[in-house]
Amino acid sequence: MFTPVPNPTTNPVPPKFGEQDLIRRSASTVTPPAKRLTEVAKLIDVSKCIGCKACQVACLQWNNLTEEVGVNVGVYDNPHDLTENTWTLMRFTEYENTETGNLEWLIRKDGCMHCADPGCLKACPAPGAIVQYSNGIVDFVHDKCIGCGYCIKGCPFNIPRLSKADSKAYKCTLCVDRLAVGQGPACQKACPTQAIVFGTKDEMKQWADHRIKDLKSRGFANAGLYDPPGVGGTHVMYVLQHADRPEIYAGLPNNPTISPIVEAWKGVTKYVGLAAIGAFAVIGFLHHTIAGPNRVTEEDEKNAERLTEGRS
Amino acid sequence: MSSSEVDSGDNVHPGKPVIVDRYTVGARLNHWVTAISLVLLALSGLALYSPSLYFLTALFGGGALTRVIHPWIGVVLFFSFLGLFFRFFRLNLWKKNDSVWLGRLREVLAGDESKLPEVGKYNAGQKVVFWSMSILILILIVTGLISWDEYFARYFSIEQRRMAVLVHSGAAIVAICVWIVHVYAGIWVRGTISAMTRGQVTGGWAWRHHRKWLKDLVTTKR
Amino acid sequence: MNIELSRRSFMLGAGAGLAGTSLAALGFGEIEAAHALSIRPFRLAQTKEVRSQCPYCAVCCGMLIFAAESKEEKGKMEVTHIEGDVDHPVNRGTLCPKGAGALDYIKAKTRVKYPMYRKPGSNSFERVSWDFAMERIAKLLKDDRDANWIDKNRDGVTVNRWLTTAFLAGSSVANEGGWATFKVSRGLGLLQIENQARI
Amino acid sequence: MTNSWTDIKNADLVWIMGGNAAEAHPCGFKWVTEAKAERGAKLMVVDPRFNRSAAMADHYAPLRSGSDITFLSGVINYLLSNDKIHKEYVRHYTNAAFIVRDDFEFNEGLFSGYDESKRSYDRSTWEYKFGPDGFALRDMTLSDPRCVFQLMKKHFAQYTPELVERVCGTPKDRFQKVADWVSSTANGERSMTIMYALGWTQHSHGAQNIRCAAMIQLLCGNIGIPGGGVNALRGHSNVQGITDVGTLTAAIPGYLALPTEQEPTLESHLSKRTFKPLTPNQTSYWQNYRKFFVSFLKTQFGANATPENEFGYNYLPKLDGIYDCIKMFDLMHQGKTTGLICQGFNPLMAIPNSNKSREGLAKLKFLVSMDPIETDTARFWENHGEFNNIDPAKVQTEVFMLPVTSFAEEEGSVTNSSRLIQWKWKAADPYFESRTDTEILADLFVRMRKMYEKDGGKGKEALLAVDWSYKDPLHPSVDELQTELNGKALVDLKDASGKVVRAAGQRLATFGEMRDDGSTDGCMWIYTGFYGPTGNMAQRRDNSDPSGLGVFPNWGFSWPANRRIQYNRASADPDGKPWSEAKKYMYWNGERWTGPDVPDYVPTIPPERAVGPFIMNAEGVSRLWVRGLMADGPFPVHMEPFESPVGNIVFPKLKGNPVARIFKHDLAALGTSKDFPIVGTTYRLTEHFHYWTKSVQVNAVTQPEFFVEMSEQLAKEKGIKHGQMVRIRSNRGEVKGKAVVTKRLKPFTIDGKTVHQVGLPLNFGFIGETKKASPINGLTSAIGDANSQTPEFKAFLVNIEPIAGSVA
């Protein structure tokens, strides 16, 4: 058993990290912190997940969120997608393993991956609306969020959602308020089978190795850790029975990266665009300086008068 | 009339100097609504486009309001420009002489119009501005709607929305450049601005820059 | 309490101490600091914590219940949050979706607030006093008991039973309440007594 | 549970069958995942559906609902015929060696003594042969053809893998792997735990399903050892405690029996239950029955219980039969019941055949619902369209809905599934005007007693004889009630030498201190010690586990006597040595029995006295052969459900359980496989708890609407689309729900015939936050198990059809 974090205290405790620990801030720059926090991570072991949705409930409860009661559409996934209130969601896949002849019920807890290289933050135009702490948390700051939805387009995992109520973007905070007092995230705490564990990223990788060894001993030769390098690694990682095919887990991206479109948009285009605008302005100015104004001459007026003569 | 360069509302008043009615009140109002929308769109769009210009959101009451207002101005622009389009498109249709005119861009830029073909109500440069704006605004409204998450997110895939913002910003940059050309041309060619303020230009201006238009006007309004 | 390894409380690492001191130097209090950081202040600070257990299944997971003064009913303590008790040897702080949502049970829309009474043939419940309800039920019970009491069977054996009223006992009431239930129901002479054990 | 939740981590093999621990007990299931992850244990799941537990399993085998006995008998046959049993354990710790009477017979599925007209057995032939000394005869070589072991071999021989496949629809190789894995634990080195729940009990032959499991575990020597046991995963949080406390028709706290009218005197009641040992030297602990019973009477009647009046024995009501919940609702349906009090109970949802239940409720003069939330039952008179179609104007029932405190607003002790008694402290004040169950019942009781005192009435004497001398009669305190449960000395208790061992008024430390002369009270002997002289043991919160075996001896109090694994003497061999180092638990250290737990044995009896480890049994050993203790046979036999898609392939003469009780109305309501060819089975979902959490917003979010699970093949056959609204009918009623078409259900081939099965979650109703639904028990049949009267919810017949034009 992975040793759980002790019970919380009801005495006020100073937060263990804050503004001075930011390493990225959307649409702005930060002074790099003098000392980095140890990176943390949440490890989701799909092979231990029973899909009970305790994490979903714990998330709603801790964050005071209310989701609508929906309908059944023929599957266990409820709600049917992430929403501004549902920051984490169990996605169920019935997978027939042709090699073993066994049915596998793959249940993946979807939610923010807290990428080391966060596409949402890259895409965000509002200074400080998305921040990244040196321990790996990527958080949305709702006072600063302008609700443009660029984060959604920036995210390689399709996670953030705009609220219908206040038009701001929402997603998992990794329970930043709990972490700040030394607790683990609410979903992790609730998880009955410890399919979710939480600790430093190094600890989580070690724990994942331990789990992968067990899975390999049970015939899952391709068991492995999902910590995609394309986004610099993530602070939410998965242990997968079939790490060679993450896409069978309800479309978990295989080697995700920030979309080249987003990269282009937020990278080169920005400079080229502004440069083009600048260039046009400068050219105009230069032209005017060199060629001078194009004035109507007396003669032109005369010609016009001549043309219209006798027409009054 | 089809070949005539004269629009309804154009008129010529002999005198010293000759005064020519170039744009009706409606056309001017339409233009300025479009122009103001475009400027506001450019400012708000640039604010959201580049962090270095985010301060511009202050003009709109902050980031969130900028985000709310921008697409709505876009809608205004679209319909406003649609008005301009229907007003102006006929005389902006490309003619053989336009290509000749454009081929002699050097003379144009030098202000040496004697070597150019006689120009109708719009010269080829103006036509290029008109058509590029028409196309760009169409692109902008379409991509704008696709990336307007508040209302339309659910109809499009993430990939489509991503592509839409990229195209939207690209088109916007081009549109701003075209706009710069348009505004500059208005400033450089003295006597132009009054066309959109008072609706009138001098006969000399018309003679110099849009001689065929003036001639057609004189002929038809006889 | 050897179950808790202190190691884990340091999980958040080296920066923690630094954060504390530099903030203090800037003159931020704890709560203000949290606001300034856009990190929500810890919800459980300054609430009352009580050790309880989950009301649902028979794993009986340990629960921490946090309570504060009610906004709805002045002077009363109400539950504000529930999570698992890490000290509990069975659930070790975890809860299933029912347990994790137990607060919504306490505050369910269908929670009964007052004694309610439905007259024969009526289409609705009406609110009544406890005294009215208790008096009426006691009267109904007594009437039936008097009408159908059997003190001896045909063979003359004392049987002291009452067969025309039935009691379905709950299986989530605590043992003490369960015993009171037994004592009262058997004391009345009931034989139609059941709980959920059979189903 | 024989073992505890945390003990599951010691298992080398976990077998989940007749239950779905991952679904219904996720936090207990954690210990299965721990055994897997940290011990390398294997998990196998046998279930009609590929369920959440199966998703975690190393091996899954499907079986048709209702065919468990055959599957399990197949395993028993495999163990016996391949000699893969724990021989020494079987020889010394079970009744395998006991010789059975010569006139016992078994023919075509029926045991000797069957009376078809009474639908019952005369069980007198199902007994041991006794020697002249009055003790049962044994053959320790297990070779006597009439010994239990040899009878068993013969009895189970026909349950071959081929038969299992024909009856259960389990592919032979899938069955074979289960049997192989089970046999790998028959050695004292490795242990297997069996986890089951209502998937086994809710059959007309449910008790026999569990018998099979117990027999397998005994053959493997898996009872009494760490990581072993037969573990019933119970439903409600305190269903164990409430069963212990005996709010059941024929019970008295601590598994004592309510007297029947055949027992006119105290002595006639006690003599039937004070079992003498059947072999020499045995403990036969029930010899102490009278001490416990008299102590109970002293608590129930207090000063009114005297030696002269047989301690108030005749104030107790006496049974003329049992009044289980099926009978209760049959009587109600017949109009024979005046009033019903539901305390935290929602019978319209929970009792089989809801339409019958609704009609019954409408015939009541009054109904009282004591519950924190509104129940469908409390609103049964309200019209909810197709979901509860009733005309309120025609219902003359007076209904009371009384607000009761929730779990957080009261304190007390609660007993979990593994008999562990723990405390919950009060966290909040009562919600609005709600009161505790105790307060409500005390108010009613005191009011009624006043009425009787004032106006007189029938049965007054018995009513006033009940001891109600609480400090505040309207508010008996938790402390007072707990003291009554525990028991105390009423006078100074002295030992043989005259020394006072327990002063008058002091609480008892163990049930060993109880006496049958009225000098002690204590209504529930098995709990004695949980509030002993040293304080409230249920409140203990020391979570240290010195042995590392998940014992936690100082956390709460595990009845009886704070014992965590029952029958733990069996973890050592007859000489008192552990069967193996790997499974070392309780052992003889030369002076006494020791180990991490409290021995289930007299701690000072040395091994050479050959006292059997199963001290509650008069034999001193466990029973492979159950004598006359079960209504439907000393051994299990294959029985089909009362509604089955096929006849009994093994014993064609048997229709259902031959001794199950059937009421007229319910017999008439049975359907046939011609009209209803599909097997229906009900179960709960992990997102919901019975009928409570449909009122809980957040749980309604996670499972908002009733659905029916079916195979892709059935959906295709019926033209049903994924997410479409479908109608499910049985001969008793119909329900509507969304179709969940899944690969997790597959059709079975039973004796060459394709049999479909649909899964019907039970958590939905017409009150609460989830979408309205009809009670699922509108489909089910009110026929129960022959021993426990548990309704046959897990196997009945339905048909299903799409409702046109309704795809989600």
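As written, the chain order gives the labels A, B, C and D, with residue 1 at the start of each chain.
Basically, a residue touches a chain if its C-beta (ideal position, glycine included) is under 8 Å from a C-beta of that chain, and two chains touch if they have at least 3 such contacts.
Quick caveat: nothing in here was measured; it's all calculated off a predicted structure.
The set of chains in contact with subunit B as well as subunit C comprises A.
Nearest to the common centre of all protein CA atoms is the CA centroid of chain C.
Counting C-beta pairs in contact across A-B and across A-D shows that the higher total falls to A-B. Centre-to-centre separation between subunit A and subunit C, using Cα means, comes to 38 Å.
With centres defined as mean CA coordinates, subunit D is found 49 Å away from subunit A. Inter-chain spacing, taken between the CA centroids of subunit C and subunit D, is 24 Å.
Residue positions of subunit C touching 2 or more other chains: 48, 82, 87, 91-92, 94-97, 99-101, 104. Annotation for subunit A: residues touching 2 or more other chains are 1, 52-54, 56-57, 60-61, 192-194. For subunit B, no residue reaches two or more other chains under the stated contact definition. Here the touching chains pair up as A-B, A-C, A-D, C-D.
By the touch criterion stated above, subunit A contacts subunit C in their complex at residues 1, 3-21, 33-38, 40, 52-54, 56-58, 60-62, 131, 134-135, 139, 141-143, 176-182, 186, 189-194, 199-200. Only residues 26-28, 125-127, 129, 144-150, 152-153, 155, 158, 162, 167-168, 259, 261-262, 264-265, 269-270, 272-274, 276-277, 280-281, 284, 287-288, 291-305, 307-309, 311-312 of subunit A touch subunit B when the two sit together in their complex.
Against subunit A, the residues of subunit D that register as touching in their complex are 22-23, 26-27, 29-30, 33-34, 36-38, 40, 50, 52-56, 58, 60, 686-687, 697-707, 722-724, 737-744, 769-771, 808. Across the complex, subunit C meets subunit D through its residues 1-3, 48, 50-62, 65, 67, 70, 73, 76-79, 82, 87-92, 94-102, 104-106, 108-123, 125, 130, 133-142, 144-149, 151, 153, 155, 157-199. Of all residues in subunit C, those touching subunit A in their complex are 4-5, 7-9, 11-16, 18-20, 22-24, 30-31, 33-34, 36-49, 64, 66, 81-87, 91-97, 99-101, 103-104.
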